[in-house]
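Please find one structure pasted underneath; my questions will follow.
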Amino acid sequence: MQTPLATAIVFVYALSGITVLGLLALFALKLRNLSAEKQARMCEEKYRDYFVYLQAYGEEEERLKVPYGEVTQKEKQLIQKKLFELMERFTGVHRQKLIQLCEDMGLVAHDLERLRSGWKWTRVDAAYNLGVMRSGQAAPDLLVLLQKSGANDPSLFIFARAIAKCARDAEDLRQMAEYVVRMKKNVHQLIVDMISDSQLDTTSFYTEWIRDKNPELVKIGLIGFAVHAQLELEPGLSRLVLSADKEVRIKAVKLMCRDIRYLNDQTIKDFLNHKDWEIRALIVKAIGAMQLADYVPALKKAVGDANWWVRHHSARSLTQLQAKGFSALCDILREEGSNPKSEMAQQIIQEELEKAERSLGGEPSTEKLLDYNEKLHLYRKSCKKTISTVQAMEG
Amino acid sequence: MREFLLYYGMFAIYYVMAINSLYFIIMLFSFKSIMGILKSSIYSRFQALSGSEHVPPISILVPAYNEELTIIENVRSLLALNYPRYEVIVVNDGSKDDTLQVLIQEFSLTISKHLPVQPLLHTSQVRGIYHNPDFPNLYLIDKENGGKADSLNAGINLSHYPLIASIDADSLLEKDALIRIAKVYMENPEETVAIGGDIRIANGCKIENGVVKEIRLPDKFLPMMQSVEYLKAFLGGRIGWSAINGLIIVSGAFGVFRKDYVVKVGGYREGYPGEDMNIIIKLHKYMLENKLPYRVAFCPDAVCWTQAPDSLKILGSQRRRWGRGNLKNMIEYGKHMVLRPKYKLFGMLTLPFNILFETLNPYFRITGLLALIGYTLLDMTNSHVLLIYGLLNVLYGVLLGIGSLLLEEIAFRRYPRFQDIVKMLFYTILMFFGYRQIGVIWRFLGHIEYLRNNNSWGTMTRTSWQSKSNKNISSLEA
Amino acid sequence: MSNLVPAFYELLSKMEERSVACGVILAACKNVSAESLELVKRDMEAQLKDGLTLHAAYDKNKQILGILLEQKKLADTHFYALQIRDYMLSRKLLTGGMYIASFPESSRSTAQMLMRMIQEMKEQSEPGSISVYEQHGNQRQQEQASILLVNPDETVNEFLRIYLQRKGYQITVAHDGGDGVEKLRQAAFDLVITDLNLPVLNGYQLMEKIRHLGQEAMSKIMVLTDKKLEEDVQKSFALGASDYMTKPFSPVELEARVKRLIS
């Protein structure tokens, strides 16, 4: 009995020891943080006029001058924080001059050195700083550090973002993107967001990446491509619709559905009969948005699709195609028995009538009145359902 | 007899050492991840991300029952989050008060009986859906009473986006809480099925316009205790568990899920007192059975403020419900998954841990304590055994408390003053002289209620910001 | 008149001939004798380094110390003024504020500039403050375009306040939508620059309120925000915004657009 009790007693002593250590660590940390805050406040006071100077003359030709007098390393880092605040919010010549100032103050050199430090988190800090300062010279080192990061390392994305900001050319960005997609699945959106930070002209290499062999780069290219309205047609898109990768197909179709020049009769037919429901949904949405009244019969058929979203968007698109579309929708009610197709038609019709009725509130224009009456008329004509539904609408 | 009591008492002591050592190890995992979390959070451009089109859209689901006093302020605050694209779906769960009317009036909502709803999950009767194009991302579902799980399912049916967030009607989200969680998701969208946020106690804080303007520790005794409790559980516990992918729960007060997987596991189970733990268990089960790589994550810098119960009566009701929920989950799901290698860490570590150290906790502790007391009364020579038992409990508890305060100080620092730390330490110690014990008893009472087939949610008394009985955090132990 | 003007006038005319810039700093200063003035001048030259050529003169009547910095434009002059101020404070020489300008940047006529500066120096009260000579300083406030800036970000607000004020605009700042509406009720503005994500009232609601204030009082609206989504752009324009800029932004670009909107 004594031994187990003795173990327990040993535990008690050990615990007390660790507790005391923990307490000391806690207080030490708290005090250090409080003193750091106080120092930061004092520094801010001291350099307040200097910061006013920086913000007032950001546009002039002359370089911004380094703060005068003795500036300690700590103060420099606090000033750096303030500079970063400005650099993250403002672009153009203001940012340029602030970057120059950072260089003049020796901050860039300091962080380049810290990038080779033995401590992991110092490297991460330095990487972030260099990213904000957009130092192209750091890019090679940052790429090396990136490629040493494991998939579960949170610093992976910090390095990636820093590279995006420092990138000197498309090659840097490509290397970053290739590594990140290899380590992490499905992060294309995040990569495009990171690349948007870069100062390079992104449209040109998104176009290049769309034609790349690596399907992951293609996806990134497609997303990036979609961000800005494109003036030129991209011939590679139609080929991508046939890709083996589903994501690529869907993204390519999405892009094509935004621009009517891509959609000829054959393409539309292909999409309507495509095996991917996402693509069918995209094309039926596009038909409505682009007012392609010729395809009302096709839309009508699509309201009977197996997938809920395709049915839903087809019916919606029909309501966008004025009388012709609406009457086709009502025809469905007449022709079909009780099945998902007519259910969807019914739902959308009711919603549309409700919307039209609501817009009659106040002083309706003649146009709106006509529109509402026409729709109601079409509905009643085709409605072989009980009168009570109609009464409910009027009631 | 004396011998037996002593042996049993020793066993209780070892039980306490084992349970606390495991907590300690989990806390070490928390420490391992904390620097990564800190750096990742300060070096992300949340401000810019909050306007980016690359962020996935989210449907926020807010089940509401008898919330007429606070629902407007909450909905307004939810509509003002820093997030690019999202919708707020309030589900009126057959409230007996004016929750519905108050919302309709405030936002000029009109009923649209025919908003298309995808019938993914079965729910109780939906009476109507309200909407106003002037507030394009606000929807109100009015339905018959069916409980919180049922309301969430109804919200899922209407939702238009691939991610859903389950939020309590009185959760006060920080403006960037949602975008922080979205970032965690975006860094691993393929595998992340659920992400939990950090819940903190709002009692004592200054709240204006739906925003926490000044953070202060609660003045009252009970909320202060809970404050320390939550800090230990979330920072010390959940960070560590999520690091090893063994997280058993994501708070219903603030959690984000992949809609498609929630639908695949059948949505939320109705009439369940612990449905937030339940959905996570189901998700683990589904992903492990289908051998899909996944993770259930925890994002400690995404903070949701909530009012804690400040009366023994309501706090007791809450803790009893937690006890019921825990037991029900373990009996219906845990039993099948525990100690089966198929379920990897979740089955081999999380579940046994939960069963032994949380569900069965009251039994060991109560009987152990009684045995030791009994033994001491019978034989004064080894009376220090009782003292050791007490010391172990208190010391471990204090150590874990200090650990979580350290984590807070390293990464989050939301309680800036020095005196706040002192106050929290004081309460950590104080916790072991009464508060813990009541907690254990409440849990035990919850079990009894369950076994007597009282599976309900308990009294849904909400009398505005003060009392809370429907807290959706089914487990907090440390 | 002050005996600064003749002292400097000669130098300034020489600069004018050589088309060289010259920075002018006036500081309210305690009495200094001619020798101490010489010492002060040499001290400053030593401290400021950079191979500066510095000329100093002192006006006993007005107790103003005048310093000329050869070949320095306004930006550098301001920077040196900071150092000079610290120096004077440490020697307990400074009795009031400081005024800086640069020729020919600030004004085409040196004499007029100097005289006006000296005059306005008297109106200065705050010790240690530095003011920049405004060419259009005489312009009454009503003639300046007024801008209401509604933004919760203090850094941006401070910057824009400094930057746009230098460009000659009058800036009022509101930190949230409610505050913005209040300020709109009190005064009319030529332009409102607003964020979309604001506490109390968001940007859209603010724009609606502006619409309701009526056509005559209607200010132009520019949106300055993080949100880059199509739907936000469309909605803003539908609610009456005339321009939409996303963050991070170029202040030069912003000012150009502001100018275009207001004129």
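By letter and in written order, the chains are A, B and C; residue numbering begins at 1 in each of them.
Methods note: a contact is a pair of C-beta atoms (placed from the backbone, for glycine too) under 8 Å apart; a residue touches a chain by one contact, two chains touch by 3 or more.
Chains and their UniProt names: B = Glycosyl transferase family 2; C = Response regulatory domain-containing protein.
Computed from a prediction, not measured in an experiment: that's the story for all the values here.
Colleague: Which neighbours does chain B (Glycosyl transferase family 2) have in common with chain C?
Modeller: Correct list: A.
Colleague: Write down the chain pair with more C-beta contact pairs when A-C is set against A-B.
Modeller: A-B
Colleague: Nearest chain to the global Cα centroid?
Modeller: A
Colleague: Could you tell me the distance, in whole angstrom, between the mean C-alpha positions of chain B (Glycosyl transferase family 2) and chain C?
Modeller: So the centroids are 53 Å from each other.
Colleague: Using Cα averages as centroids, what's the distance between chain A and chain C in whole Å?
Modeller: 38
Colleague: Where the centres are mean C-alpha positions, what is the separation of chain A from chain B (Glycosyl transferase family 2), in Å?
Modeller: 29
Colleague: Name the residues of chain C that each touch 2 or more other chains.
Modeller: Only 247-248 qualify.
Colleague: In chain A, which residues are in touch with two or more of the other chains?
Modeller: Each of 88 in chain A touches at least two other chains.
Colleague: Quick one: which residues in chain B (Glycosyl transferase family 2) touch 2 or more of the other chains?
Modeller: Within chain B (Glycosyl transferase family 2), the residues that touch at least two other chains are 52-53.
Colleague: If we count contacts the way the header does, which residues on chain A are in touch with chain B (Glycosyl transferase family 2) in the complex?
Modeller: Where chain A meets chain B (Glycosyl transferase family 2), its residues are 1, 4-5, 8-9, 11-12, 15-16, 18-19, 22-23, 25-27, 29-31, 33-34, 88, 121, 124-125, 128, 153-155, 157-158, 161, 184-187, 189-190, 192-193, 196-197, 223, 227, 308, 312, 344, 347-348, 350-351, 354, 358.
Colleague: State the interface residues of chain C toward chain B (Glycosyl transferase family 2) in the complex, per the touch definition above.
Modeller: My answer: residues 197, 199-200, 202, 225-232, 246-248.
Colleague: In the complex of these two chains, what residues of chain B (Glycosyl transferase family 2) are touching chain C?
Modeller: Residues 47-48, 50-53, 80, 82, 84-85, 209, 211.
Colleague: Sort out for me which residues of chain C touch chain A in the complex.
Modeller: Listed in rising order, the residues are 73-76, 78-79, 82-83, 86, 130, 132, 153, 155-156, 158-159, 162-163, 166, 247-253.
Colleague: State the interface residues of chain A toward chain C in the complex, per the touch definition above.
Modeller: Per the touch definition, chain A meets chain C at residues 49-50, 52-53, 55-62, 64-65, 68-69, 85-86, 88-95.
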